[in-house]
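Both complexes below contain chain A, partnered by chain B and then by chain C.
Right, the complex of A and B next:
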């Protein structure tokens, strides 16, 4: 559904995510893609990597755009105005955006579309920064990350703020399906996409997306990192189906978060003498959050 | 194909002439009636004075089962226009409405709509842009969007606003055009003022707009299409050139559709409207509802024996340069009344266009001056219009003046 020969970097997590996303379903899919790496790398005119109908409108409006497409579908279907086609499987709609286009500039558009109840799935590929414009911080950038607008310097050691909990914000819209995922656990991810597409109404999946360029990690380690994020509980896998919370993966042994951090140059400064407290802080936050999720599942 | 929906009782009468009804309607209500008759697939919108009423009416029509439109009541105008783009790329017929700050918030997406060649139709109730905040009429909003690649049609009356929407759908969707259309009317002065409006019968209105079959649809899943790619320097200019050609074609198509409208329903407007221009020596050029009071002053001055006239461009994009030159050449002096400023320019945006068009007039280009008036709803007095005509008779009228300003 997405052709090889797109121009994403070697080891880019987002390329894997879109392949897995489209492999997850037999429904005809229409994709609305926010401005960002995936958009610019898959659609260089006159070529396209997309073998499904695809639209790029702007940076902040992938959700609003898909709500228009979905509204058109409903209206044209009702009136018998849809283009003729071979089978009559329902068409499903996916909006796709990076963390910048979703957590930040596109948050309002996302919230509006979720609240209006359009039947669509929003997939955020979260690589933790504005990668396309050169690794600027976003509200998804993790605490301590060295980005070009939250650089590690003599006085300040990378991003000083915590990540926004976008998945919780999406869930607060009380939509039928919300989940986190990682392409490192692809059975989990593809199952979640299929489920989300079956949900009646809006669904949201936040997917960890490794970016070797922005994370300063080795391209061949991308899948390793996609798994380590989950195994350290830095990126726990769960779903919230009609309000019911469930962890979809519990590591047998919860690995220390430094296993994940040390493979990424963006956290390199945290391993310097004097910054031990920052590493400890990150581990503490991960532990607290994991504890909360375990508690939540018991309820 | 658009299905026929149940018409409201008063328009369900059979004979053609009887299907039409003249009523006292505001511009907003008249436009809402046109949208009901068009029965578009999707309306995505966000409220803003003075056009809020249009989508309220449409929502009520939908709630009452008089339309089959899918409403997308968005959380902002940016999203509203974005949803219009999505719906139009899906092959739907799409209509929206906005004003002022709403239009400004859409600005980014206006260019995307025209660049992707999506025939969205939008009713604009012209209103001043903030700040300071002002909800009343001027043209700063749509003039700010003049280079966005949208066709712009300005209505003098509520009747014309109604007719323009019906025509706009045909213009936008014409295969030689495929550009979005903004139909503008003056905020409050037209949107909220009751005038006599003759509505077409539902069936004839629907027959005029016809069915829409988009050439490329995102919902044509067997033939996937990529909309809005990453366009590099090697092809972007060519895509813009296609828009240039489409805008040129629009001039022809606007006239054809207006003519057909006239033949079928007895009203047509052309690219420009002229009043007493045949032997005029001086003239005022002005858009929209202000033409009404200028026409009255023309009558008054004509009664006094003065050879004055009025020219109202109905279409601003594409700009009817040739029509203007033909009508204005040989005149002694012309005042262009702009309801918008272009700070730092020689005059208002309409003025600079008119002046530029007249530069090309082979002979007898009149002297042209700029008069900016009516900002933020400031009423323009009859005497102020008389004064402008008087100034045109003086040897050296000042080039630029803000009418009625307290300095």
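Right, the complex of A and C next:
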């Protein structure tokens, strides 16, 4: 449903994510897309890469816009105002945003839509910075990441704050389905999209999205990184279905997080002498979080 | 140096030590430079979660006693409007940069436009005072950035510094003045004891002194209409007196605030009114027309708001025609018309995202002089190029 020929960079994770997202379902889909790389690069005038109806409104309101579409659809359907269609499957709604458009400026709009209970799926492609406007830090940027507004230099060694746990925030709305995913584990991701679209009510999936430009990684290594993120437990894969938590992937051997970090120039300064403590800190955070998730699954 | 980098550098020279912002093209380089440079001078750079928050943060920092800056463009400027009105109402000095791009909505993010000049005046709701400056070259950008901080401090009000994608992203030689050449104005602090301080006194002066937080003065800051102590009131006399004083801060000091450039108008048959990036096109067109023996001059407001109407009327009233050149559908032209009674006004407007080609101006002026553009008395001929 995504046509080839979009203008996303070579190795962009988001291109793979939207393709897998639309491959996951037979339902007719309407997409609302927040401002960002995907929006810009899939809709370069006079072309579009979308073979589904697609709305770009603003940066902060993908969830609000889809709320309106979904509510209108439900109401028109109830009143019998909808024209007959060949495909009589119900229409499903997906809102799509980058981490800036979801964790930061769009959080209010997302939270409102989840709380009101609209029947839609929100997918965040999280590349850990505002990439479209020149790699500025977001509340999803990992600790230590070098970005243009958390520059690694004399004063600071990249971003000094931890990531916001958006998946937990979404889950705190007690919606039917919440998950994390990575296009490196595509069977897992596509299954989660199908499940999310079957859920009655709002669903949210946070997807790790490799960005060679912003991460300063090799484009041909994007899928490697999408897997390493998961295999190091930096980006654990899980789902929360009607409140029930389940890990959907457990690595046989949990790889050290430096395997993931060392392939990304945005963490290059962490490997300089004197910054060992930062690497140790990142590993410690990953271990703690993974431990918490293992505990949680036992319950 | 790029125009955006100039703003960042000049802001620091003007004493700005606080930046809160949110990335948006074509303004983001201002934030990037501030993120690098502010920590080195003991300042604070914060990237906020959106533009509403960015504007909120600079208001807070300014109340705390710091000179504060935020920068944005189109969609972000729209989101800042509510807090901008708050800063006018609560009389909080701060500087807001809008590097204009094509609109409305997401519009043309990477291309220049001048479509926000009226939004700069009336973007927030309600009657409110506003100062907006709009330079046309990068040395001037430096001076006007410093001036923006000075005016904000002097008049206890937000100042909007307008730029556009063209100025923001272009590079040219910039003469950076020595720090000793700059006049730096700081807000006036109260000289009375805390229990006698009236933060919004309407009786004694237009701009009451401002007490910073943390200095022993406690007062009430609110966006509600308030009396001289800062506490909310619905008393009709007090409400009217406060709003009139707010407006007078700018209108009664307009002579101090307004700056403009007049170039070659004394002998001009034809006058051109242009500002910002469009004034650069106008200058090039004027040079070409003058070389061909046609006497053309430029009136260029540097202070856009308050609008230097009297100066404009005086400078161009002898011309055969006044051409208004702007990269919008015709915004300042209406302001020009309010003052100019007897000179035909011709608008040259372009909203394609491309700068106005000097040739387009040359052609229109020539056509007018050759009588090909027929103008009914006092009509506005809008040429779309």
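Keep this in mind: the second predicted complex is superposed on the first by the 297 of 299 C-alpha atoms of A that agree within 3 Å, B and C clash if a C-alpha of one lies under 4 Å from a C-alpha of the other, contacts with A are read in each partner's own complex, and residues count from 1 in each chain.
The rule we apply is simple: contacts are C-beta pairs under 8 Å (C-beta built on N, C-alpha and C of every residue); 3 or more make two chains touch, one makes a residue touch a chain.
Everything numeric here is computed off the predicted structure, so don't read it as measured data.
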Touching partner for A:130 - first (chain B), second (chain C), both, neither: second
Touching partner for A:56 - first (chain B), second (chain C), both, neither: both
Chain B versus chain C as contact partner of A:248, first or second or both or neither: neither
Greater residue coverage of chain A in the superposed arrangement, chain B or chain C: B
Touched partner set for A:209, first chain B, second chain C, both or neither: neither
Partner chain in contact with A:151 - chain B first, chain C second, else both or neither: second
Overlap of chain C and chain B interfaces on chain A (superposed complexes): 56, 58, 60
Chain B - residues contacting chain A, complex: 1-3, 41-42, 44, 68-76, 78-80, 82-92, 94, 108-109, 112, 217-232, 235
In the complex, chain C residues that touch chain A: 22-25, 28-29, 31-32, 35-36, 39-40, 45, 47, 49-50, 75, 79, 105-106
Chain A residues within the chain C interface of the complex: 35, 56, 58-60, 100, 104-105, 107, 130, 133-134, 136-137, 139, 148-151, 153-156
Residues on chain A engaged by chain B in the complex (per definition of touch): 28-30, 32, 39-41, 43-46, 48, 50-58, 60-61, 63-76, 78-83, 85-86, 91, 108-109, 111-113, 115-116
